[in-house]
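Beneath this line is the structure, given in structure tokens, with notes to follow.
Lettered A, B and C in written order, each chain numbered from 1.
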Amino acid sequence: MHTLPIAYVAGAALDKLPADLYIPPNALEIYLEAFEGPLDLLLYLVKRQNINILEINVAEITEQYMAYIELMQAGRFELAAEYLVMAAMLAEIKSRILLPRPEIGDEEEADPRMQLIRRLLEYERYKLAAENLDELPRLNRELHQARAEPPGFERTVPQPVVELSDLLAAMANALRQAELFEHHHVQVETINPQDKMSQVLRRLNRERFLPLTAMLDPREGRLGIVVTFLAVMELTRNALVEIVQTESFGPIHLRLVEKGPSP
Amino acid sequence: MSQDLKAIVEALLLAADRALSVDEIRAVFDAGERPERVAVKEALASLAEDCGPRGVELKEVASGYRLQVKRELAEWVGRLWEEKPPRYTRALLETLALIAYRQPATRGDVEEVRGVAVSTGIIRTLLDREWIRVAGHRDTPGRPELFVTTRRFLDHFNLKSLAELPPLDEISEESGARALGFERQGETIPADHA
Amino acid sequence: MSQDLKAIVEALLLAADRALSVDEIRAVFDAGERPERVAVKEALASLAEDCGPRGVELKEVASGYRLQVKRELAEWVGRLWEEKPPRYTRALLETLALIAYRQPATRGDVEEVRGVAVSTGIIRTLLDREWIRVAGHRDTPGRPELFVTTRRFLDHFNLKSLAELPPLDEISEESGARALGFERQGETIPADHA
């Protein structure tokens, strides 16, 4: 695999963006819209390193990915739901790789990297399939149906018959689809990370110390869990909440950080 | 080269779905390669000759030349349409239904409910069939056309007035069952009852 | 007589504005005069041969045979219309590819591979074009719709059957095996540590 250099600087080919390159948020927005989702972005990051997917360096990719996510959050958060799920998955993989591994077998199942690699390969496969599909000659682009004027006089082309019931069924379907469409929107808005943060904070203000699992609401599904998790991380980062785990693999608790005297 | 020109001319006439003038034919060539009018006419004449044993003939009409199916084959060709009228797509039926219920409605109104663009072809088919007409323009940017249904639409569906359309809430109540009903039948909407 | 049959077949194909199956062609003849399937196929073969120097070609696609403008002439023909042919988004093409290669597939199946939600608009566009249809429901909670591609999809992409789709890239399985090998080595080479 060989990629073209990104630019030439003083005659020297530059094939990697400088790590500290500043990307203006607006440019990033446009840039992210060019991606079809977290897998597409990941695939891009892997390809940019000019390495085989199989040799993916999870730690490095995770960092780059997180950098994008952070920039995204600064900009348009609604875009991020699926990106966040991936962020959580990457973080998990990274942590598991860093942890000492138990010696016992099961290595294929246990290697968290394999799942990611499989997904990337699978996605890449269909990404290519879509490109191939797009290259097939198709009607009204490379191909045009040949037609000649049918002999006019004889032409008693019956018009399609439509029953009133067909029309009503069509209306019902349009309405049903519109409803689904609206529900979809509402759902997306129900789990707002900002709300989640204040929700977590409110509960901790009341109860001071709680197991993490108490914050999770299974009714909110996977997305809810991810958003809760992110909300907790954000609160921790802002030193409002503390994560407590007394032993490895033990239950994780959250504690409200008491405002002490500022340093 | 003149062989190529003839093939291109034939392709143009068979793709265009209307008669083409000599100048329209010439217009598809880049300025540097544009054939002379006389060359196009020669190609047309040669094409007309080739048609001898074929199922089509070249005909010159007011707006130019077109390839048309020979009259004597009308008997067979006509049967293509006998007894099986074409079918409308679900997109067309939904567009029609939305215009009927929300009239006057713009293309944008329909698109908003359906969540996808409404093709020009659909609107044209509905206008051609005289089931909808343009009643005016909405006073918003772009001044989009306002569509309403016609008397012919009412006639086709055996309605005396729009008031006879079943109320919307009745339809949506039924919608679950109905929608499943026609999905189970496969293709789309059984618009083609004999 | 067989000359006549060829002319009729050509006329039918040019008048129909869609692909016709052998049986659809035979159906336009009266029962007493109906040609055998083999005769129709011969006429089609002969017609295909005649097309050699012409601007059109005979192509067999999923729903039958059609005459279409030769691909190499598309450049000129495309200039007849001002409107550019629609370009499809990557999201739409990837969704279509997943349904085509994995059918029957649910929206969830597509989302799982792509890692992002599939918008309702995309599914609707594909249904509107009648490139996909609902073939049933999967027996899992929510009974999601199972999508399959249609003949019209194959026709549009100039294909006779799904087997003609470009093969899925083999890379995945091959390297899957390699990946496992690599993974085992990975135990000793801490490639992942920053």
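Just so it is clear, a residue touches a chain if its C-beta (ideal position, glycine included) is under 8 Å from a C-beta of that chain, and two chains touch if they have at least 3 such contacts.
Just so we're clear, the structure is a prediction, and the values are computed from it rather than from any experiment.
K.L.:
Among the chains here, which has the CA centroid at the largest distance from chain C's centroid?
P.N.:
Looking at centroid distances, A is the chain farthest away.
K.L.:
Quick one: most central chain, C-alpha centroids?
P.N.:
Centroid comparison flags C as closest.
K.L.:
Compute the distance, rounded to whole Å, between the mean C-alpha positions of chain A and chain C.
P.N.:
Centres of chain A and chain C (C-alpha means) sit 30 Å apart.
K.L.:
Roughly how far is chain B from chain C, going centre to centre by Cα mean, in whole Å?
P.N.:
One centre to the other, that is 22 Å.
K.L.:
Whole-Å distance, chain A centre to chain B centre, using C-alpha means?
P.N.:
41
K.L.:
Going through chain A residue by residue, note those that touch at least 2 other chains and give them in order.
P.N.:
Residue numbers touching two or more other chains: 144-148, 150, 177, 181.
K.L.:
Mind pulling the chain C residues that touch 2 or more other chains?
P.N.:
Within chain C, residues 11, 14-16, 56, 67, 69, 77, 120, 124 contact more than one other chain.
K.L.:
Applying the document's contact rule, which stretches of chain C touch chain B when the two form their complex?
P.N.:
Chain C reaches chain B through residues 3, 6-12, 14-16, 20, 24, 27-29, 53-56, 67, 69-70, 73, 76-77, 79-80, 120-121, 124-125, 127-128, 130, 133-136, 145, 150.
K.L.:
What residues on chain A touch chain B, complex-wise?
P.N.:
Per the stated touch rule, the residues are 144-151, 153-164, 166-178, 181.
K.L.:
Could you list, by residue number, the parts of chain A that touch chain C in their complex?
P.N.:
36-40, 52-55, 57-60, 63, 81-82, 86, 94, 97-98, 101, 107-108, 111, 113-114, 117-119, 121-134, 136-148, 150, 177, 180-181, 184
K.L.:
Help me check something: in the complex, which residues belonging to chain C touch chain A?
P.N.:
11, 13-18, 56, 66-69, 71, 74, 77-78, 85, 88, 90-91, 93-94, 96-98, 100-101, 113-117, 120, 124, 155-159, 165-166, 168-169, 171-172, 175-176, 178-180, 182-184, 186-187, 191-194
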